[in-house]
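Two complexes, one shared chain (chain A), two partners (chain B, chain C).
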Partner chain A sequence: MTRSYSGSVWAMLTPAVALIGVFILLPMALTLWLSLQHWSTQTGFQTARFIGLDNFFEIFGPTSVGRDFKGAFLNTAIYTALSIVLILPLSVGLGLLVHQRHVAGGSVLRTVLFSTYMVPMIAVALVWSKLYSPTEGPFNQMLGWIGVGPQPWLSSPDTALVSIVFLNVWQQVGYFTVLAIAGLTQIPHSLYEAARIDGANAFQQFYAITLPLLRRTLLFSAVIAIINAVQVFEPVALITQGGPVGSTNVLTYHIRRVGIERAQGGLGSAMAVMLMLSLIVVIFALFALARRKDDE
Partner chain B sequence: MSAAIDQAPRQGLFFRRKRPTAGDALIATLMLALVVASAFPLVWMVLSSFKTTAESMQVPPVWIPQSPNFEAYEKVAGVINVGRSMWNSMIIATVTTAGILLTSLMAGYAFAKYRFRGRNLLFSVLIATMFLPPIVTLIPLYRIVGSLGLNASLAGVILPNLANAFGIFLMRQFIAGVPDDLIDAARMDGASEMRILFSIVAPTVTPAIAALALFAFVYHWNSYLWPLTVLQGSGDQYPIVISLSRLLSYNRGAMNTNLVMAGATLAVLPPLALFVFLQRFFVDSIVGSAVKG
Partner chain C sequence: MKLAWTIKCALAAGVMALPTAAWAEPVNISYLTHWAPETVALLENAAKEYAKTNPDVAVTVRAVPFGDLLTTLRSQGGDSEGATIAGIYDLWLPELARDKLVAPAPDAVASEVKGAWPAGIVSAASVGGTLYGIPNEIDVYALNYNKALFSEGGISAPPKTWDELKDAAAKLTKKDAGQQGFGMINSWAAGVVHPFSSLLVSNGGDLVVDGKPALDSKAAGETFQLYEDLITAGVTDPAMGTADANTTGPFLDNFVSGKTGMIIMANWWESALKAGMGEKFSDIGTAPIPVGPSGDKPRSISYSWMTVVNAGAGEAEQKAAWDFLAWLNSPESGPKGASAMADILMSMGILPSRSSDVEALKDRLGSDFLSGYVSVLADAKPFPVVLGGQEFSESLQQTIEALQYGQVSAKEAQANAQADAVSILERAAQ
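Take a look at the complex of A and B:
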C-alpha cells in the first residue's frame, strides 16, 4: 500500500468529485454569493447586482417579506422540535419492544414500522389528508367511539402543523427504531446481569445503563431527524399550501416559492443561508451538549 | 438463571417463558396494538382504492368495501398516463441508482485503499454534503441545470444525483474491510486498477452494493422536490409521484377519495415490494453505517 497510484487515484475520484463539486459544492457557494445579490432566478448569474446585506435586512424586516420568512422559520422550528420530541423517545421504546426476548414477534413489529419509511411522502400526504378528513375520515370516527368530539386537523391554524408532525412521525419512526435497536445490541448483556444481582429493577436499569449507553445513538438520531424535519415539503405543497393562515408555511416550501416560483433568487438564497446557519448552530450545540455529558 | 432465560428462551412459540407473566401479556398486547396502528394508514389506503365513489363519500366512513372493484383504478388511468409516469419513475430511479453505484464504488475504493495528499480533507468535505438539505442548493442548481439546457428533461432530473456522499461513505466502510493482500496479489498479476475494483473488490462487498442499490432506488423513486422543480409544466416527463398530485386537483370539490387512494397504491407498490423482499439488506446497512460511523 505504500506504492503511489496517483494516476489511478484521480481516475477513481474524478467522477464522484466532479459531480458533487458541480451539483452540490458549486451551488452551495453560489447560494452564499447570491444571498448578497439582487438577482432574478429567470436570468443568468451575470445579471446579479451586489447589494450587501440588504436581503438579510429584508427577510428580518417589518414588511410582508419579513413577516412571511419569520413565520416560516418559526413554523419549521416548532415542526422540527415536535418531531424530535416525539420520534426519539418513541424510537427507544419501540426499539426495546423489538429487542426484548420475552415475547416473540419483534421482527414483525420492526418490519411493519420500517416499511412506512419506504412509502413516498407524497402518498403519505395523500392518504393522511383523507384519514384526517373531518366528516368522512376514520380518525374523527374513531375519536367519536371513545367520546371525543371531531377535530379540525389540517383545516384549522391551531392544529394543522401538529397534524403534519403526526404523519411525519408515523412515516419516519421505523427508521429511527432500527437505529435504536442497533444501539441496544451494542450494550453488553453482562451489565444488566450485574445490575440485577445488585437488585436494580427494570426502571433503574433503564436509567443507569440503557439510556447513558444509547447517548451516541440518540445524538446521531437527533441530527438525522433534524435534517429530515427541515425538508418537509410534500404535505404542505400538496395539501395545505402553507395554510390555513400561514400556519404550515415551512422553510423548504417558502424558499422554493420565493426563489423559484417568484424568481426572487437573492431573497430565497438569503433564506437558505439562514436555514443552513441555524442547522450548523443547532448541530454543534447538540454535539457540545453530548460531549459535556460524556465528561461528567 | 433469569439471564439464561433471556438469552436462549425457546419454550413457546409466542410466549417464551413456560408460564407467561402479566408483563409478558402486556408486552404482547402493546406490540399487537402497535403493528395494527402502524399498518392502518396503508391498509386503509388499499381498502379505499377498491371502494366505489359513493362508498368513499359515505358518512360515517365505510371500512370494508361492500363490492370491491377496480372502478377507481380505471378512472386513474383516465386522468393520468399511468404507464408513462411509471416508466419515467423507473428510468429516473434505475439510471440514478446505476450512476450512484459506479461513482460510489470508485471513490469508496480510492478513499479506502489509496494514500494520497489531502485524502482526509477531501473525504470530510464530501461527507459534509450528506448533511446539507437539498433546499439550500435548489435555487442555483435549478439555474445551472437550466443553463445546461436540461430543464424539463429526465436528464436534468438524473444528472445532479449521479454521485452522493452516503454511497461513497458506505462503500469506503465496507471496502476498507477487504484484505490488502487480495488486492496486492492481483496487482502482482498485472491487473489494472479498474479490473481489480470490479472483478475482485466489488464481489466481496455485494451485500453493501445491494443495500446501496435498494436505498438509492427507493429514494429516487420517491423523490419529489427536485423533479417537480426541474420538470415544471412538462407533464409527459412526470414520474408517478408528481402525476399523483393531478388526481387531487382533478375534479376538486367532488369527492374522489377512491381515485386518490388507487393512485397512491400504485406509487407505493414498487418501493414497498422491494423492501418486503430485500428487507435484510436495508436493515443491515443502516445498522452497519450507524455502528461503524
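Take a look at the complex of A and C:
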C-alpha cells in the first residue's frame, strides 16, 4: 500500500518536476557552466574551453570589460532602488484615493491608471523620447511656463537614468495600484470604525491599521517591482542605447551587447550569473526582513 | 506483362525527372537590411525585376533598425531560418567569418568583384584573402555647415584648419538662442567614433597601425585636446548631441532646425537632412574635414558595407542568393549602365563603390552636397577592420563621450582610450 502510494506520488510529480528541470534548472545550470568557459555564442558548446573563474575576474577587473560591467551593475541597482522608492508609496497613495467609496468616478480612475500598464513599450518609448526632447519637448515647455529653465533629461549622464526611471514609474504604477487596492479591500472596515470610536485620526488609522495590514501586499509588490526593474531593457534599447557615457547602460542591455553583439558567451554568462545571484540575495533579504517584522 | 513494362517505364521516367523537378522547385530567399521603408520598397522593386527572368526565385526583404542589425545577425544569422542575405558593416565581418556565419563567395563572384571594385574595398570585404561579400556602399566624412548661419555670423568660407574651426564655432555659438557652433554626437558608437577618427587622420594620425592601437600618438593627443578645447570654450553642447536607435534624435533635430552651425557627418545622411529640412536643405554646404596642426591635407576615414550570404542557408538558397546579388550589383540591373544597387544607394545619398557605378553616376555624384564627399575619397583612410573592432569602437565611444561631458581631461581620455584598446585587441586576437 505504501509502495503503491509512493509510486503514485512520483508519477504525479514527475511531469511538473521534469518541466521545471528542463525549462528552469537546466538553463540555469548551463549558464553557470558557460560562465566558466571561453566561448563564442555563435559556435557550438563543444568549442567552449574551461577557464575557471577568469570570466569573473575579468568582469570585476580594471579593464574596460570590468569598468563597463560594474557601471551597468550600479546603474541597475540605482534604477531598481529608485523605481521601488517611487512606485510603492505612489501605488499605496493612489490606491487609497481610488479605494475611497465616496469618490466619484473611482472605477474610471482605476481603469485610467491601469491603462498605462497595457500600452506597449515601443509606443511609450516613442512618446516619452519626444516628451523629453531638450529643445521641443513638452516637459521643458511646461517648465518654462513656471520659470524653470530647460532640463537635459535623456541628454545628460546626470539625468538620463532618472528620466528612464520616471518613464518606468509612469508605466508601472497603475499595475501596483491595482495590487494595493486588492490589499486594501482585505482590511476589515470594522477596524477603522473601532479606531474612529477610539478617537484615531486619518493618519493614525493609516499608520496603525492600513500600513501594517498591507505589509504582505507590499512585500509581494516589492518583489515583483524589483524583478521588473532588474529586467529593464526596452526603454534603454529603444531610446538611449545605454548612453550618454554609459549612464543608462543597465545589466540586461549590457549582457545582450556582450553576449550577443560581441558573441562573448562566457563573459555574458558570468554577468548573467552575477545578476541572478544579486537578485536572489535581494529577494531573500526582503523576505527575511518581512519575517522579522512578522515575528515582532 | 505489357502493363508491368508500362509501369516500369513510367517509374524510370519519373526517377529521371526527379533532379529536374528539384531544380524547378521555387526557392525563397530573404534579405536583411536596416534601410528605411522607402528604400526597402526600391529593393523590393529590384527583386520583382529579377523575378521576371528568374521566376523560381522569390526574394523577401526584412528590415530592422540599424541598432538591432548586428543582434539580429548574431541571433539568427547562422541559422537556416535566418535571413539568406544580409547587408553588413565591414567592421563586423572578421568575427562573422571567424564564427562561420557567412559563406565565402563562389569563385565566379569573387573574380567578378576583384575585377570590378577598387582593391581597398575588396580587401574590406575579405578575411584572410577570402572574399565573403559583394561590396556596395562606401562612406566618408566631411564637414557639413549651415550656410545661412555662416552668413549671419559673418563667416565667408568653411574652416580649413582646426584653428579656423574653433574660431567659426565661437562665432556661430549663441547660447541665449540655444545655438551651438559645432555639434558632437553621442549615444551611437560609429556616430561618435567616426568624426573623431576623421579629425585624427586629418591630423596625420591613425587609430590602429599594424594591428596595434595608436591612440598614444601626438596626433591623437592633439585630437583629444581639440575636443576638450571645444567643450571648455562652450561652443559645443553635448546635451544637443544625443542620437537614438535609428541614428536620429536631438543631434539631427538640432542641425536641421538651424540650432547647430557645423557637424562632421557621413554622406548617407543626405536623405535624413533632406527629409528634415525640405527646401532649406540648400542651406547645407559640404567641405573637407579641417586639417589639424600635425596634418598635411584634409582626410576622412572610410568604411564600407557589403552584402553577405548566410552560411547556414541551404545549398539552393545560397546559390540563388549569390545569383541575385551578382545581378543586383551588375551594370545590367540598373538604369544607364549603373547597377540597381547603386541606384538604390544614390536615393539615400550613399556613394556606390563599384568603379562602373561611379562612372555611370558621375553627374549625380557631382551634386553640391555629394561632391564634397567624392572629393575626399582618394585620400580617405579605411577604418581598421580587426577582430574586436566593434568592442574597440564602443570602448572609444565611451571615452570620447566622457570627454564631451567633462568627466575626464584630454590627457586622461587619451590614456584610457589607448589602455582599453590594447586590452580589447589583445584579447580578441587570442
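Just a few scattered comments:
As a working rule, the second predicted complex is superposed on the first by the 271 of 296 C-alpha atoms of A that agree within 3 Å, B and C clash if a C-alpha of one lies under 4 Å from a C-alpha of the other, contacts with A are read in each partner's own complex, and residues count from 1 in each chain.
The rule we apply is simple: a residue touches a chain if its C-beta (ideal position, glycine included) is under 8 Å from a C-beta of that chain, and two chains touch if they have at least 3 such contacts.
In this text the structure is predicted, and so the values were computed from the model without any measurement.
Shared-chain residue A:238: touches chain B and chain C both.
Contact with both chain B and chain C is seen for A:41 once the two complexes are overlaid on the shared chain. Using the contact criterion defined above for the overlaid structures, shared-chain residue A:135 touches chain B and also reaches chain C.
With both complexes superposed, B is the one of chain B and chain C in contact with more chain A residues.
Once the two complexes are laid over each other on the shared chain, residue contacts for A:114 go to chain B alone; chain C is not touched. Of the two partner chains placed by the overlay, chain B and chain C both lie in contact with A:256.
In the superposition on chain A, contact of A:146 is made with neither chain B nor chain C.
Overlaid on A, the two complexes show chain B and chain C touching the same residues of chain A, namely 41, 133, 135-136, 237-238, 256, 260. Touching chain C in their complex are the following residues of chain A: 40-43, 63-65, 68, 129, 133-136, 150, 152, 154-157, 237-246, 256-257, 260-263.
Across the complex, chain A is touched by residues 67-68, 70-71, 74-75, 77-78, 95-96, 98-101, 178, 186-188, 238-245, 249-250, 253-254, 257, 259, 390-391, 394-395, 398, 401-402, 404-405, 407, 419-420, 423-424 of chain C. Against chain A, the residues of chain B that register as touching in their complex are 2-3, 6-7, 9, 12-17, 20-21, 23-24, 27-28, 30-32, 34-35, 38-39, 41-42, 44-45, 48, 56-61, 63, 102-104, 106-107, 109-110, 113-116, 122, 125-126, 129, 131-144, 147, 159-165, 168, 180, 184, 193-194, 197, 218, 221-222, 224-225, 228-229, 241-242, 244-245, 247-248, 255, 257, 260-261, 263-264, 267-268, 271-272, 274-276, 279, 282-283, 286-287, 290-291, 293. Contact residues on chain A toward chain B in their complex (touch as defined above): 1-2, 4-6, 8-9, 11-13, 15-17, 19-20, 22-28, 30-31, 34, 41, 44-45, 94, 97, 100-106, 108-116, 118-124, 126-128, 130-131, 133, 135-138, 141, 144, 170, 174-175, 178-179, 181-183, 185-186, 189, 192-193, 196, 217, 220, 223, 227, 230-231, 233-234, 237-238, 251-252, 255-256, 259-260, 265, 268-269, 272-273, 275-276, 279, 283.
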